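Consider the two complexes below, in which chain A is the common component and chain B and chain C are the respective partners.
Let's look at the complex of A and B:
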């Protein structure tokens, strides 16, 4: 640890305070609750000193000073609030409004605009300027970024966040003085990562979002804090929802309150690609195949049929004739419930999911040892990072953001080993290119096996490799991040390297929102929740397909997964299998199903999900589409339809945390209050068989790594789970891992139904102009 | 993109003067413009690449300085000062006269490509106001007659 910074004493508005030497006056004031207004100042971005809103009087200094660029000094005496300062700020606002249209009643930012707030505070809405205001029409820079020039107050936050924060540098300033204008990189449009950070950070309504603009006002929405449904990084997001004909519609996603692991970061997907939820192709009614055609039915009919058929198969052919494929987009509770349902109700261990990382191998090395998994927060604070494989800029936008900003703000050292010259090499201290598929060799060499070097030395000399290894071995608190290129034996090698370095930690990268949860909750034929071996191993996904082909698999229950498309399976092989699919859309797999049950998505339910690092977070019900049910409810209903006592499936209405005993005696009021609190947090009291928190109780009991602070979790914070407390894990065939290869603008099935993502894609690949035939 | 040897020599030398490459941008742009006449997309791309900047960045710097241009200019760029000293001594009239004689306005270029006209702020020749600058040459203490003569001399020079 670095020494604690020296403190200096200063006086602000008569208040004595101390602040770390080298810190900025504006921050020192903020820390003691003295608000100094600012536009251009933004924490963690370079200083601009452009807006002059933060003017304060510092004794012994000539003229008013900008608090955002003044460094605190011993004995400084500062006034932030007197007539002189008020007048100065008022004049600044007046200048800013010189060309501002003041069209607050129609502006997107109205109600949450920093300029509006300042104008109210300083009362400068009336202007002494007689000149006509400069006007420019609104421009569309990309499918999601719009620019309304007259509203811009030239704070340059957008320019800095795009360049410094995103390392995209797509925005700039053209001209000078009053005619300065924010300009996109391709003259009249943007070619960028479309992250919307610039829109989010704009203090006024100059940059607006294609998804949200002119749709609603901030005070007309409900705001629900939940977790992003796309990649495996687990950004916290606040969804703005409003009533719509078919339920509740999401109109906005951001993380303005900077809570959670991602601060205010969201990528294109988190910020705009919630629109799959309200896509008109959403299934809203159960479908049953009748005379060869999928026909709408009632829920009762569907559950009855599924229950009857599954029971038939189980009794006639045994549980081993039934397969279950789980999802990487359902909650931990649903995943847990699904495997319990498979094992207890269907009596089958044939359960699997689309695997994108080798967590069982990691559990195998860590089980019972010291915990060395890193959280997403560690990535931002680690003194050094080793990244093997993967391209986080495309596949793990938050991780890439954490890495970039750790390098920029804390001077972290980044070492990259990759077969491609990935973009993060721009931040790297060392970049070593290796042949495709040589990750295991690299890992083995770093772990100490000199003979592994032969396969990789073509790309760099032996001395360089040896130097890199030496350097890494001497880097305390190194965080090692590896992509799915590292599987099986390579995971062991990397973990050995980590355990030989004091304080080193690891992160395995998987691809989807709850890939880690699917793995932790035992969606494996041979592993129970917490990586404990199953008594008897069932079939893997490819084996289920084999068995379907040979007629041995009589029933298949697919929850939120599209194996037909993902694993390029021939639809004919399921001709003799009774297939039940729970999904949002009529996917390739759903089209061959006998029963399709419309499912709710992660934005429409409550529960927990775990990001690729093992940080578990809560998801809360934000939106709603009339019709679909949560996977949780459907699993329970099917069990019920099979005649199974659902009390044995979901421990509701009993258990330590589910006890509503406060309703008795002196504590009687508590139950009501408890219920009100639960409702307010979109949870139901555990009195129903559909309460995910009842299952979370069971998870916490049976998976020790998940014994995290419940209170913290429910308050919307991330809690790091422990892999070292898991069972012995397993060695799996590395070929079972199939990377999703999603990029910034794709997201599996969800992405296919997101207009926002597709519009960017179309924008990227313009159709070639048609050439006349003659 | 090829520049003259002299340009290359200057460029290489300038790079050694500053801690970051970016610092040589402005003089590089000016020298490039002197050679190529204006800053074409090709020139911008070349300089951006040499200095490891985005083209957007280079464009933005160009847009900041009015003496840098991305459009072809006439052979002789007539810059008429209308700032305070020159204005008091007839600068604005000179500008009008140039507009009439050349048949172009502020930032315009004659169809024969010989002259461009620009109204500029103080060129630092206030003691000899009114003054104009043609490319890098100054013409001072002008009046209507002298102005005509200046323009004539350039026209002659071109033939």
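Let's look at the complex of A and C:
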């Protein structure tokens, strides 16, 4: 570990304080609760010294100094609050307001504007300027970014966050001095990742969001802190919701309190792509196929029909004739409940989901090893990172942000092995390009198998590879991140490398919000939750399709998944199968279903999800659309309709009547383990069969990695789960993994129905203009 | 002498009574008086039903800043904002109130909304005849509170022109 930094002593406003040598005066003051106002200073961005709001008087220095660029020194005596400084701040605010329009009632930032706050705290009541203000019309820079030039106070935060933070460099400064203006680097529009960081970081309302513009005001919304529903990075997001005709509508996404693993970062999808919930194609009524046509019906009729049909198939053909396909977008509780429903109620092990990473192989090699999976926070603090495969800039924006900023702020070494020249190579210490599909060879070589190099030496010389391997082996606390290219044997090789390095940790990258959770919760035909082997293996997803073709699969229950499109299945093969689909939209799979049940999305329910690193976070109900139900409720209702005692599915209510082993224990007379566990953990039994927390109790009891601090989790923080005490995992056919290949602007089914994402896509790939035929 | 004091007090009191008997009557003849106010008289400062003002171009002054709603102690103002477009320009600024409701079941006529309004869009009018048999009638919509168009914008126009042509009585535009 590095030595503790040297401390220096200084005096601020008569208070004696100590600060680490090299830290900035503004930070030292902030740490002891002395507020020094500033606009341009932003933690972790380069220093600008542009706004002059943080002026302080340092003894023995001739003029007022900017606290944001002054480094603390031994014996420094500082005044931050006297008449001279008050006068200086007042004058600065007056200058800033010189040409700032007074359209606060209309401005989107009104109510959470730093200039408003500063004027209120430090500004003068009147202005000496009576000249007319210089007006410029608003500009649209991209489908989601609007710029109102007169409002800009030239703090350059947007320019810096876009360049330094995002490594996009789409914004710049035109002209110099008083005529400086913020402008896109590409003519009149932004050529960027549309992350919206510039809008979020803008202290005033100069940059506004296309999704949120003029819709409401900050204090009129309810703000719900939850987790993003898109990629597998699990960014924390605060959704601003307001009343709408059909329920509660999300109007804004940002990370308002800058908490969680992503601090203030959100990508395009997190910030704008919540509008799928209010898409006009959203299903709000259950549909039942009558005379070959899907017709709206009631929930009671739908549940009754599904229950009756599934019961029929189970009685007649047995559970093995029923298949279940789970989702990568539902909560851990729903996934757990679904596999329990399949195994206990349907008596079938035919359960699978859209796999995007080889977690069972990872569990197999990590079982019994302590502290070997990295959390998203580790990526920001690791001294070195090895990235094999994947393109985090496109597929894992938060991961890319963490890597970039780790390299920029902490000087981490980044080593990349990839078949494509991915953008992150700009931050890399070493970039090694390999032929497509050679990831296994690379991993095997790094793990110590010299012969593995033969197939790929064409791309790099042997010495370089050996040097890389030696360097990695000598890097303590290395974080190894690998994409879905690394599967099966390659996972073993990578973890072999990791375990030979002290403190090294691994991350496997999956593609969807709860891909990891689906895997941890046992949506596998041969694995139970926690990667414990099932007594009898069922059918995988392709096998289910095979069986459907040969007529052996009589019923298929699909929850939040679209296997028909994803696996390019022929819709005819399910002609003889009773198909039930729970989804938000009429997807390809839903169009062939016999019953379609409208489902709530991840922003409309409560539970926990696990990101690709294994960090569990809570999701809270933010928005609402009248009609759909949560998958959790639907599964319970279907079990009920099948005549199953739901107390055995969801442990709810007091144990006295139901228990002492008759229902939940293994044998009659045995104590109710769940009740015992609850009591041991000071928890109350939950009262409703629709309470996901009841299943979360069971997950915490049975899945070893999920025994995390519940208090911390419920307060909205991330908790890392380890695979060390998991079951032995399994070796699966690598071909079962089908990567989603989503980019920054696509997100499976959710992306297809997001107007914001589609507008960006159209803007990027405009339809070719019609050419005059002459 | 307390008895003399009492007599003096009664005499003083009754003198006012007898003096008033010879003064002209001050009772307002509401609701049988003349004019649209039916005889009711108001001080200028009287705080009655709100009026949403228009600017000289006939555009609504309200920019849906929500400050009135934020300031309202009885929480009776409900607003939905929307963006002006070139085709549909309602207010002078970028945003306008698509929905503006005041719930007169709850309004206490304190005038805080008027104080808060940065564009002088909401004012108190002199309307006071709010009584109704159905509480839901007391939720006033924007259209019920909007000021008429300025005279040069056709405040004297009739909205039922087509019916007038067929002989119906002309009804002056209220609001819209």
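Quick note on the criterion: the second predicted complex is superposed on the first by the 737 of 774 C-alpha atoms of A that agree within 3 Å, B and C clash if a C-alpha of one lies under 4 Å from a C-alpha of the other, contacts with A are read in each partner's own complex, and residues count from 1 in each chain.
Note that in this section a contact is a pair of C-beta atoms (placed from the backbone, for glycine too) under 8 Å apart; a residue touches a chain by one contact, two chains touch by 3 or more.
Owing to the predicted nature of the structure, the values given are computational and were not obtained by experimental measurement.
Asker: Will chain C clash with chain B on chain A after the two structures are superposed, or do they fit?
Answerer: fit
Asker: Roughly how many degrees, to the nearest 10, is the angle at chain A when you join its Cα centre to the Cα centres of chain B and chain C?
Answerer: An angle of 80 degrees, rounded.
Asker: Scan A:104 for contacts with chain B and chain C and give back first, second, both or neither.
Answerer: Touch status of A:104: second partner only.
Asker: In the overlay, answer first, second, both or neither for which of chain B and chain C A:185 touches.
Answerer: First partner only, chain B.
Asker: Taking the superposition as given, does A:173 touch the first partner, chain B, the second, chain C, both, or neither?
Answerer: The answer is first: A:173 touches chain B but not chain C.
Asker: In the overlay, answer first, second, both or neither for which of chain B and chain C A:213 touches.
Answerer: A:213 contacts chain C only, not chain B.
Asker: Should A:383 be classified as contacting the first partner (chain B), the second (chain C), both, or neither?
Answerer: The answer is neither, since A:383 touches no partner chain.
Asker: Touch test for A:627: chain B only (first), chain C only (second), both, or neither?
Answerer: Once the two structures are laid over each other on A, A:627 reaches no partner at all.
Asker: What does the superposition give for the shortest Cα distance from chain B to chain C, in Å?
Answerer: Minimum over all C-alpha pairs: 30 Å.
Asker: Of the residues on chain A, which ones does chain B touch that chain C also touches?
Answerer: None.
Asker: Which positions of chain A touch chain C when the two form their complex?
Answerer: Its residues touching chain C are 103-106, 110, 138, 213-217, 219-220.
Asker: Which bits of chain A are touching chain B when the two form their complex?
Answerer: Against chain B, chain A makes touches at 169-176, 183-185.
Asker: Quick check: in the complex, which residue numbers of chain C touch chain A?
Answerer: 63-67, 69-70, 79, 81-83, 93-95, 118-119
Asker: Of all residues in chain B, which touch chain A in the complex?
Answerer: 54-57, 59-60, 63-64
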